[in-house]
Amino acid sequence: MEVVEDIKDKSPRHRGAKIIIYAVLVFGSFWMLLPFVWMILTSLKSLQEAISVPPVWFPSKPLWSNYQKALSVAPFGRYFLNTVIVSSVNTVLTIIVTILAAFSFARLKFVGKNLLFTLILASMMVPGEMLIIQNYVTVAKLGWIDSYAALIVPWIASPFYIFLLRQYFMQIPDQLYYAARVDGCRDFKYLWKVMVPNAKNTIVTIGILNFVASWNAFLWPLLVTNKERMRVLTIGLTEFTNEAGSDVHLQMAAATFIILPMIIVYIILRPYIIEGVSRSGIKG
Amino acid sequence: MSIIEGRNTARGTVAAWVYLLPALIIISVFVFYPLIMAFRMSMYESYNFYKNVGTGFGFASFKRVLCDSDFHIAVKNTLFLSFVAMPVSIIISLVIALLISSIKKFQALFQTFFFLPYVTSVIAVGIVFRWLFHSNYGLINYFLGLFHIHPVAWLNNPKTTIYALAIYYIWGNLAFNTIILLVGVQNIPKMYYNAARVDGAKWGKIIFRITLPQLSPTIIFLTIVGFIASFKVYNEVYALFGDLGGAANSAYTIVFYIYRTFYGAGRMHIAAAAAVILFVAILCITIIQMLVSKKFVHYK
Amino acid sequence: MKKMMLIILSLFLLGSTVFASGQQEEPKKEDAKSKEPAKAEVVSINKEISSPVTVEFWHGMSAKLGETVELLADEFNQTIGAEKGITVVPVFQGGYTDLKQKLTASIKAGTAPVISQGYSNYIAEFMQADVVVALNDYIYDSEVGIKDFEDIFPGYRAENCQIDGKTFYSLPFNKSTEVIFYNKTFFEENGYEVPKTWDEMSALCKTIYEKTGKPGMGYDSLDNYMITMIQQFGGKYTDAQGNIYYSQNDAAVKAINLFKENFDKGYWRIAGEDKYLSGPFGNADVYMYIGSTAGASYVKPNGFEWDSAPIPYVSADKKAAIQQGTNVFLMNQNKSDEEVYAGYEFIKYLVSKDANFIWSTNTGYLPIRKSVVESPEYKKFLATTTDTTKISGPAQGDYYFYEPGFFTPNYSSYDVRVSLRAAVEDALLNGTDAKTAVDTAYGKLK
Amino acid sequence: MEIRLENIQKKFSSVVAVHDMNIRIKDGSLTGLLGPSGCGKSTTLFMIAGLYAPTAGNIFFGDEAVTLLPPEKRGIGLVFQNYALYPHMTVLKNILFPLENMKIPKKEALKMAEEMADIVQIRDLLDRKPSQLSGGQQQRVAIARALVKKARVLLLDEPLSNLDARLRLETREEIRRIQKETGITTIYVTHDQEEAMSITDDIVLMDKGWIQQQDSPQQMYLNPGNQFTAEFLGNPPVNIIDGKITDSVLVVCGEKLCGFDGVEDQPVVVGIRPEAVLIGNGDIKASVRLIEIVGKDKIISLDLKGCLIRAIVSLDYDCNVEELLSFSVKHSGVFLFDKTTGARIKGFAS
């Protein structure tokens, strides 16, 4: 961004405002970061420190062994691998399915389009919790229990993402399409060569949102897997709680381990997210 | 074959459906089919879920839901989230987005901070918030104490649980809303601000007369999406109150009610009826929202 | 690219046809009815394993508990299992809430495991699906039966055959009860005695409150408080058929009022925002609490010693302490008789003296057999553990009662429990009159 | 209102956009700020407007130093390149917006807005949204909005660049008319020399952040201060050829063009206005390489021993490619520039 020294930067009142703005932002950041920091601090505490009231901020002695203990409770290595596979494949397929559907809704004309689009939008409004058992039954009938298919396939068509991308596609000017047609480009090629590169940021964003959601999914992966070798990280987190209490410190160690990759991904892809998220959905 | 312009040709329709097929199959199988099953279930007075056998066709289940005092709490709380917490969340996000976009140094850093909750573990956040709200030791009461406000038993008092839930909900939504609004703000052409300054508009006026109207499509988008999401709040309740649903069931939301009725009590047809009510409600309100917003929103 | 599309498409189509053909036909009503008597009269049972079988055991035991489950399964697989050709695979299915969901889903889909852990209300609910195996023919079989069945505490046996008083649908597994956890150091310093009756409890808590300004006692589970106190006040809670009695006498109202009086004055507290009282107890914010023996490992006293004692009673002739925890049961959904038999062999092992000894000494749960409690090994174990609930818990064995589990078209035992908790909370926190609260709770169920 | 810029400098990060600038803009004049894109003219305008703060130097409106005064306190009106009409407000609301900010009572504001609408002739468009207007109409609205608050100075940033050729002519006349009618001191930024020449009273020519020359359009054309000015003004552009002065004679491509007094012998850059090439009378011979028709003129490119020289003649002048023509040059249309600095070398052609 161009840094322009604005005339308003020079007024003393403006400088005062700046200080207030930074103060507010720092205060806000504190609340945003708090759970995160607390999670990391707690992951290094003893159970006694972790559950003590009033809360202890810092562990008297950081117990790095908590990580070792936490990760030995379940085969986290295998879980990690599964989570990576499921989240990545899920994300790739979601993107493909979303692109195809969004293109169809944004650019093509066909019988029943409005009805279909309304239906898909309406399906956004169904609370997932009420579908899950029936879906389990479906997946079981397909013989998919304990397979990647069960973990992935039901989630690759999200009405929300289709809606989001369609909104973006609608903003791509028609001239591009005509230009491509003149150049002898067919619809499918046009989609991949023109629309997709154009919507790169939105697609990356959808990918990230989907990846995060898939990474954090718990109930469904638990339902459709019985074998340890098919399970994912979030299931490992439940290993620390039972009817009478929980090993909070170990749980936090595991939680830290689980979300760290997410944060790294976010920090790397932040510019895309910021660009992408917002560009979509601006036009109704 | 050109299928972009002109009439709906048979060929064009076939092509379009081919593009749509993967999404359509998945959504039909994993959303519509179970939805229809839920509709069907909800129409029985009593229902053996395991055998798909029901007796007494009619609206008895709906009546039961509508008469249930827990459902009343759930509706009240859900409406509070949708009509108070959700707008507040958007307003706070808007303020943060405006603040972040008005600074030059550390912009990226603050963006990262404010987005971080989006990837933080739900379990960790739940535990932290339970502590923040703690009546004796919680940070929130500590801050209130600085202003000589009496400590509030956020999570213990049935009258305040909904506020705790709302605060948590607002917090949880800030990340997404802020990022979207931030880009929205940054996409407003700078010339309008220059013009407004030449026209002598003060910052308050610039925000209300220039920024907000320019942002209106983004805000409407967030409102509609946020509205749907606020009607489906479940995880927040679970994170704060566990599977009990708050003191004297005071933190029930509609989806929490559905969940409890379905899995806890095993009364699937009642849960289905509640879900159908919820679905219809969201659908209606969203349609109204879209119609109304068409009137007010400025599209470039 | 076109080829890719075709492949993807055909895959989807294939998937959908499989799905369509796999649709379960709705059983007709006649079928459902005609099945009923068949279930009741299982004539002969299979006791042979012709070729090795593997069965799953679904449980909700995490961390150390889970490890012990694995240990028991290994033990079984290497001994009885190896001999008979049975392999048991324990599968962790999350907490109880998750386990219940998982069972619901799998039974609906016809993929239920042979063995599962579960509360009696799960079993009552799953009876709807006709999948729960009646165990009498196994238990009392002359060859493979459980010879020392009577050794299991009567309360546990009663719980597992509660439907008609004689048919067993499950066997006790991880059992616990509620006891008083108290701050021994604090009690000794002040010369307090652990209260035996509720009157003493109220009086002591008053003293403690006046001395420290802190509540003397807290109760972890208000549901359990209500169920226990209805018994202690001489009322009746529910029965296994789903009849509700608590609304017909004033025991529930008395129970609520007892708590309310002490709560309003600050003598007693609830777990509330702390979720479990082991935390505040460890920090000496409360000097006693009544909670599950299974939670003993979460008591981390901050500079004091703790001890446990049986819960108070209203009158000595009506002592009552709830027995908690889950049982194990068998399901025969799409399973062969041999698999069911294999499952039986495993749960038989779980309730055996050996397995129960391992279980109750490795975890916070209590022995289910008299012979374990009285065995020299257990006594030796008690000498080494600081967990005194291993003594105070079984000490209540004579007056254990269980919460009936049932499922009726309109409500289940779970609903009754939840509605009563809401009633106490309503009275304590909203100041609702006890009678009104109880009536509201009862009214919700009808 | 006279405007003075004294030693104005503007740096963006480390790039200097405007160097040590000193200009004076006469009260009531229409001054063009001219230059190629990126020359710093818009930056200068924004500093005058008060949107940018100069890195160094002072700006005066009359005797008042306004260097750091915010834009709304300067009494200026600014028309942006894309007009920056608020898309969500009607035309009337757009025009009222500045008045609203000045807290002028509604009734009076409305009257002022309507008067202004009459001046720019958009009275019938007041209820429309900007997106429903044509480019020219938007332009008028923008001017109305800029002037309605009785601005002392009107600043126009490339106001015609978004219009088509025909409208551009019309609108610039319109701007001229409005400026004359209101008598307001006006600064007009453009990169189009023809536009600047046709309507301004005075031109400030800029390049790479430096002022090249300030003069009336006519003076600047007839008497360019340096090679850049000569090249930038005029269409078709001035012929630029290498040459040298030998014994008071200007020699170009081995051909003696004309006598030149008062200049020492040296290699020079020669600028010849196409209209100063007088075909038909003279003794320099050159062959026709190319004939172009531009409107009512013909441009003939002559090949003078390898040097191309464009000449402008009237459309009815008849000649063919390859034809040998003789010509002479009009002395007032021949300029000499320093080979290294591009500065004008004064002398007398003879």
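Order of writing sets the chain letters: A, B, C and D. Residues in each chain are counted from 1.
Throughout what follows, contacts are C-beta pairs under 8 Å (C-beta built on N, C-alpha and C of every residue); 3 or more make two chains touch, one makes a residue touch a chain.
What you see is a predicted model, and the numbers here were worked out from it, not measured in a lab.
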Which chain pair shows the largest tally of C-beta contacts?
A-B
Relative to subunit B, the most remote chain by C-alpha centroid is chain D
In angstrom, rounded to a whole number, how far apart do the mean CA points of subunit A and subunit D lie?
54
Chain-centre distance (mean CA atoms) for subunit A and subunit B, in whole Å, is 16
Could you grab the centroid distance between subunit B and subunit C? Build each centroid from C-alpha atoms only and quote it in angstrom.
36
Need the CA-centroid distance for the pair subunit C / subunit D, whole Å please.
90
Mind pulling the subunit D residues that touch 2 or more other chains?
50-51, 70-71
Which subunit C residues reach two or more other chains?
15, 19, 24, 101, 104, 108, 274, 285
Multi-partner residues of subunit A (at least 2 other chains)
3, 8, 53, 133, 138, 153
Contact residues on subunit B for subunit A in the complex?
1-8, 12-13, 15-17, 19-20, 22-27, 29-35, 37-38, 96, 99-100, 102-104, 106, 108, 110-125, 127-129, 131-132, 134, 136-137, 139, 171, 174-176, 179-184, 186-187, 197, 217-218, 220-221, 225, 228, 231-232, 234, 255, 258-259, 262, 268, 271-272, 275, 278-279, 282-283, 286, 290, 293-294, 297, 299-300
Note which residues of subunit C are touching subunit A in the complex, please.
1-2, 15, 18-19, 22-24, 56, 58, 60-63, 65-66, 91-96, 98, 101-102, 104-106, 108-111, 113, 274, 276, 278-280, 282-283, 285, 291-292, 294-295, 297-298, 300, 302, 364
Could you pull out which subunit C residues touch subunit B in their complex?
5, 8-9, 12, 15-16, 19, 24, 26-27, 29, 32, 97, 100-101, 104, 107-108, 125-126, 128-131, 270, 272-275, 285, 407, 409-412, 414-415, 418, 421-422, 425-426, 429-430, 440, 444
Residue set of subunit A touching subunit B in the complex reads 3, 8, 18, 21-22, 24-25, 28-29, 31-36, 38-39, 42, 53-55, 96-98, 100-101, 103-105, 107-113, 116, 119-120, 122-131, 133-135, 138, 153-154, 156-157, 159-160, 162, 174, 177, 181, 186-187, 212, 216, 237, 248, 251-252, 255-256, 258-259, 262-263, 266-267, 270, 273-275, 277-279, 281-284
Subunit A - residues contacting subunit C, complex:
47-48, 51-53, 73, 132-133, 136-143, 145, 153, 188, 192, 219, 222-223, 226-227, 235, 238-245, 247, 250
